[in-house]
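In the two complexes below, chain A is the common chain; its partner is chain B in one and chain C in the other.
Right, the complex of A and B next:
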């Protein structure tokens, strides 16, 4: 029976292979959702519904499903993975820590939500992505000043976070005005990792401790170094979201109102829905995905790309940059795209001008240095996928017949040599025949 | 040949036989030509051992660069070659090949190739390159013959030709496959000297012009031309001082210097150095001195008053010396005259390189010569050389003074650097030939006189009485002694021939790119790991991959693996080599930063621990440390030594055990049992059990290891995806 079910799912997945994640169509399509139990499917249904309405195929599985696998015959079956199973100690099937990391390292996206009861496995995944959860398994984030006012809870673990990352690309153009409800463990960013970003930070008065026991030692995590929600954009542009709270995505938080402590304004609806929707759009590459194509360079006045340049040549460089809008490639417009002409250090660094249709171009003179250069475009902007293009091109010195001939200033030398020749000839004549 | 003609014209039998009977002089000429032809052939075939033992291939390191450039020359033509900018070496700096090599060898080989193609011989360029050096060695014997004839007589010429044909000192650089500059350059060197001596002897402009062209060929072929341009002025100076100044010398030197200089300046690599660098200043100084001499001679001729001339002489000499010194001082101070290069310094002061230029000192062929290698390369010539000098001094002439000076200076240089034995070899052969020829001549004439005297006394003529009187004055048993000495001389020469053949076949015919070893049962093992590794690189890596290795292997990687290298045997940029040395002697993470900055994709190391091959990278490692530390003081040699000792076992310095070179060489070596009865990880090249058997690599991964572990190639990993 199980085999049959698998066969059905496999066959139903087959047509999707054609429209799967690719560099031409970066938005994810098939997402595997791992759950602790199927109750989460309904308790977080709003979040899942928004994904489904945006066209994602969600495949809900229990995290300890013995048939669990991400790839078959070397092909990944999914483009994204959502792990909403904070308590799982061991995944079922062939899935394990290494498999999840391989999934990310081959360019796929991941959402991990932890909880106060987060297991070692979840913590390990987070650690591998540069995020350290509080080591104390009982600790949660507590904030006595910017907590959300609530009737049921008095220990100030329900936090109204409003310290968002300042990025239109990650959180969308619409500014999130209402605080986001958060309840769960805090984490810090590994300082050795410069790819991880805090999307939602705790307020300076927050700390991480067990709310039920008395605080005997100073908490290890305090203040705004605590991150509540973080993202990682890996070097291969895979995106990872790590949240310390699973309930951040829950229907209860998405629907409930919020009133920040000390504030008189009571919002009818928390910012969670906007926050998770926009963030998931970024995570699943519906936004902030750039591609650079058609890198061209040639001498001014020519159109073919040469195999080698000569020093002091004038050249034209152009590249086309497009941004993925979720459904199509749109021209990307910015005034800070730069090209380097690089050999161990940049010899030329020029800002490219754009025609507004995605084409970026410039002209410059090859420096008076020969060697193997590279055209380098290193475009790393917050939230955008990083563009790192390099194209090798050698630069040669002048050939022996490319120097200027008969320079005006050298005429005295020409005169000298010719007069010497003539003088020698006359001298020889006189010497030989004038006796 | 006589028989042929006899067959054709039987009726002229009697007449032909008489007319064809050669006179003594003609007989001698015939014998001389035959002997020379035999020597010519012998010089060629004795150098073919390597082809028979291994295969027709290019040897060693530098010849691979020469081969690659020759192929380029034959494929793309001369102008492309002249302007060649090579982006495959010295990444990312590149190298202007056309302007930084001596093109003589490549042009010669390409010319031979084109001639053979024109004559419809479908040869491969590699065969031409392999056989270029033996061919030129044969030609050298001819030059040696003429040179010997010029300084002494044709007997010396023949002996010199025979000696140089098989002298190991020369064979070491001219076996088949050793496609190096020196192979052609020794020919050019001897030719230039011969033509110059000829010009001095005859005072002819034509010979001087010929020697200028010989010099041009030498300049185009090898940097050793500096020896010529310093030896000839020195020789002229000695002649001037000893009062042997003559019009012949004036014509020969001036013509040779002026034309030779103009021609030499046409070689891009030399260019204006010829008039600007310190090494060439002696020649220019002597040139001006010659003019002063000539001028004084002329004034002396005009002035009848002797006292007036003395005063004039004093003023002129003072002025000339003053102006010369001033010009030199101004030139040096303004930087117009460049100071001597380190290589030149290290020749004059053998300890200089060791203290100041580790990159020169690190090359094995730049080491001071050991006595054993003198014996190995010269054998009896070493004893004959002083004897020859004695004969030269006994019969001083312009020509013998030259050969004596050539012999003495080159002997000094041969003592300073192993590779310069090569330059000394022709001089040693010529001077020894004088000794051999003069001794044998004396002995044979003694014997002949004796037998003649006996014959004459039988007839009882009056002339016999006179010779009998002369014979009576000589020592008793003189003839027996002479015969014994003659036999002894021939025995020694026979030993010399045997020694030369043995050395050639055993020591100098190994290509060093293919290694051979004898197994326990006498069987021959061939280690072809180098070519295996280069072929792997060629087939399995992206065509724009950059390979980092120690500079020794750079030429081979570009020529055989066809991949870009960071540094190669050209060693023109010390900083770049020091960067590689620093990477090799740093910890892996520091090395990774360096390798990333140089865009390195693969790292290649040579390791002899499994086979016992001793010239591997671990044994060269201290030079990497020294060269790296010379530019980057963070690398300190004492960090890698224990009590001044270079060790790899458990007692090795901790930095040594964890540096990149150690890790790359000994990665997974700890699991391997190399020798029966020894623990795993026993390094056979050094005879130690290695100290760090558990080598873990973080930033590199093993890509390829050859079948005998001699070459190991590692891939540099991309930066971690999530960090």
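Right, the complex of A and C next:
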């Protein structure tokens, strides 16, 4: 009995021991990897190994495993999902398109790699993320001017891509100088979706077609509108990576040398390893995850936070912003954090100054309009999780005794009334006692 | 099914670079091995890993530093010492020793041997049998003087064989139901050990049944359509690579100890080699070891040694006229036996019927061990070709030792510079077809045409593409793009009529497609092909289009994607504009008027002085004079209260004070006034 009780206590405490995704520790820990076949585990092992050495627990499963599930008793078992099974038509177990989307909707991260002849399921997942793959299942991206020179590969479907997104936070501070090898299917971004970003774009001369058949109709995707690798950061800060090429992550491409057509420089190693490593760091929230704490405001010269401000008060606002570095919260430095003093529309919008240690502050005068205001920090930067803080604060007008008391202009009136009063006093004396 | 299909696609994508050409082990494996098997803190985690590292280095011919060997040897000696170790530890210790040749104490072997023999006798799981028999075989190898043998070889052979399934797979133990390909490899290796250790000859019929099992196992081989064979593994923790590697190891070991041939099909052996080579350079230690170790088994075995046919390059430039080179090696890259490579035929990928070359022998250069074709026929033009090669072994005896695939179909690309001639762009009048404006284009240099047209006119672009041999060249990508100022793009494929590439844009039929958007359109031409060395993307210039006004129901152009980066970035600062303070007259004016307001009071005082007022009526009696003083003090305090009200008090305090003062005033006022009234009444009556 005692043992049983102990067991129950232990099991009920289990969730507390898990070092999983939380707002205090936003890096993912447990990742489910869905594969078409276990051969991918060995052919893409370098990528998986970089994840494992960074402390991720990878759980490899076949995509049609009948026991597949993402959650149990309403709790998600994983923080991230990698779908390396481009041909899967139906997942096994309880996993389906809706389950994957729910997973993302609850703030978890996703990596999807497609390939030429990607299945409808994979295409549907991509479509839901705002990415549309070329509908022609035989089409691959071909580029006759910026392909990777290869002695064995002649049909120019091996692309050397070097049109990266300009973002330190997504691709890391180290600039990727080597082209990235890509072989697979291209996609376009849904123009209505402004959360999805092209990370690796094709060159203007690229097109998406079947290399084996003659091109009779205009290719549906051409030029730099073709995206090779895209990312989405959802409004709930879930991050999704969609790649048109599974080989992009493969050992072969990671190890291979690269020489872009028309260039005489031959690189010993392609940029793939750096690219996929840095990108996965971003996807799994090892970078670009911000948090804001200690929102404070008070009147200048005071230190306590008032319950209400009066119009025309001078106030000081401060907030601390930190960035997650994968292991700890580091002060975030930027010069574009802004605060709004907001009621229906911003009355004041001011850029905060920083002390370089994560604290952002400013002072301003409360507008001479009373009502219920909000301090708002809406911080949205490319690649960073968005910060959205709002704190309500009422603003009142002057009290009757807070107006100016001695108005010089009114002195004649005061003078008149007081001299009349003095006159009255003397008059009473004279009137009563004069004889 | 989906799984196999997926694997197939994956493999295709992996091997696209090779296009079904597998290459033997190269230096990239060696550098990868040094990287992957880098010891942590000058030692490996386990003896098993140590063995894997050492074995890989041994096969690849990498010499390692002696200090690691020294430390490893001390561990090996300890494991083989008097303290008891598990069969697995013993097995890997002996294996490491077989590579490193440590100085171990042979005396202890007898104890270990008897212990292992006991384990073999009682064991009923395949793993235990595998490790203990393996260890015994290694001890026999190590210490030639010792008399290690298995008494009841036939019985042990039986007990292992009892675990085999009808399809050639093995079970791990008699209680385990699941059969595994990986276990089959282990079993074969164990059986080979039993045969080696048997004190008397093992029953040939039993060896025959095992050979039969091997044949059955090979029947279950799965095939990729690029010619690679592999064993699939149903159990989840083992991948196809480890299963295939295990079987190859087992079959090699078994073939080595039994006499007679195994009758394995040569093409499947080549297929297995292709499978291992097709993986490329694996990223994990286990995979690399599996790959290299099984390739080493294939390199040196008693059934078939696969020969790997490879091309250093399958893309050839006609401008540099490279020689066509072919290499035939064993899997680990050593030289092949004397053989001839023949080019059976070569044909353009478009026309299979008309070969451009037939039956040509390639010249062998013994120094670089490369077979090369000296002169390509003059008729070879740019494009994609299929070359069919054949490998013929010189010595007919070698055909029993070496396995080749027979014929090799290899896609070849010949690239060259394409000449572009007589390019022109013309604006035509629709009705008559008369030429309005005509501009010559130089597609190899800079062009910047500026044209203008209306919806009744046509635009024609034409050019000629010829190969170095003067034939018409038809590239895969000939695309004309018109881009409006608003970034709406229209793409047209330029077709070819006979010799000439030509596209005519009849704007009248295109107005709807152009969404009635008038204005400047940039013209961009892309010509590209896999065989074209000078593929280009060129901005030709622009055309000003004058299209009619859109009718009401015209479709609107699709929305263009706005740059999402515009969403980010800081906003412009907003500062609140405060209400302007009320305007006041200058202070001087207020003070002047203040002075003026005092003037009537002064006038009043002067008037009083002139009237010679006095206070003679002031009561004289003590009581009434006190009341009169109090009355005036009261009036003064009310007036002072008014002053205080201005200076600091608020209305409520003032009214409260005024209430008390008022009551007081009323009382003292009444007394004073009634006294004065009675005094004046007295005066009147008197």
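Just so we're on the same page, the second predicted complex is superposed on the first by the 395 of 435 C-alpha atoms of A that agree within 3 Å, B and C clash if a C-alpha of one lies under 4 Å from a C-alpha of the other, contacts with A are read in each partner's own complex, and residues count from 1 in each chain.
As a convention for this text, a contact is a pair of C-beta atoms (placed from the backbone, for glycine too) under 8 Å apart; a residue touches a chain by one contact, two chains touch by 3 or more.
Remember, it's a predicted structure, so these values are computed and weren't measured experimentally.
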item: Touching partner for A:349 - first (chain B), second (chain C), both, neither; value: second
item: A:370 touches, of chain B and chain C: first, second, both or neither?; value: first
item: Chain B versus chain C as contact partner of A:298, first or second or both or neither; value: neither
item: Contacts of A:396 with chain B and chain C, given as first, second, both or neither; value: first
item: Which partner reaches more residues of chain A (counting touched residues only), chain B or chain C; value: C
item: Contacts of A:192 with chain B and chain C, given as first, second, both or neither; value: both
item: Touched partner set for A:250, first chain B, second chain C, both or neither; value: second
item: Touched partner set for A:308, first chain B, second chain C, both or neither; value: first
item: First (chain B), second (chain C), both or neither touched by A:89; value: second
item: Chain C-contacting residues of chain A that also contact chain B; value: 192, 195, 401
item: Chain A contact footprint on chain B (complex, rising order); value: 79, 82-83, 85, 87, 91-94, 96, 544, 564, 597-598, 718-723
item: Touch list for chain A against partner chain C, complex; value: 36-49, 62-64, 85-90, 115-117, 142-145, 150-158, 183-184, 189, 191-192, 194-197, 204-205, 207, 209, 211, 214-219, 222-223, 246-247, 250-252, 254-255, 312, 336, 338, 340-341, 346-351, 364-365, 367-369, 380-382, 401, 407-412, 414-430, 432-435
item: Touching residues on chain A, where the partner in the complex is chain B; value: 101, 104-105, 128-130, 192-193, 195, 232, 234-236, 238, 240, 308, 343-344, 370-373, 392, 394-397, 399-401
item: Complex contacts: residues of chain C adjacent to chain A; value: 2-7, 9-11, 13-14, 16-19, 21, 28, 32, 233, 236, 238-241, 279-284, 287, 311-315, 384, 411-413, 415, 476-479, 481, 489, 491-493, 526, 528-532, 535-537, 558-562, 564-565, 567-576, 578-579, 584-585, 587, 590-591, 593-598, 600-601, 604-605, 608, 613-618, 628, 632, 635-636, 639, 642-643, 646, 650, 672, 676
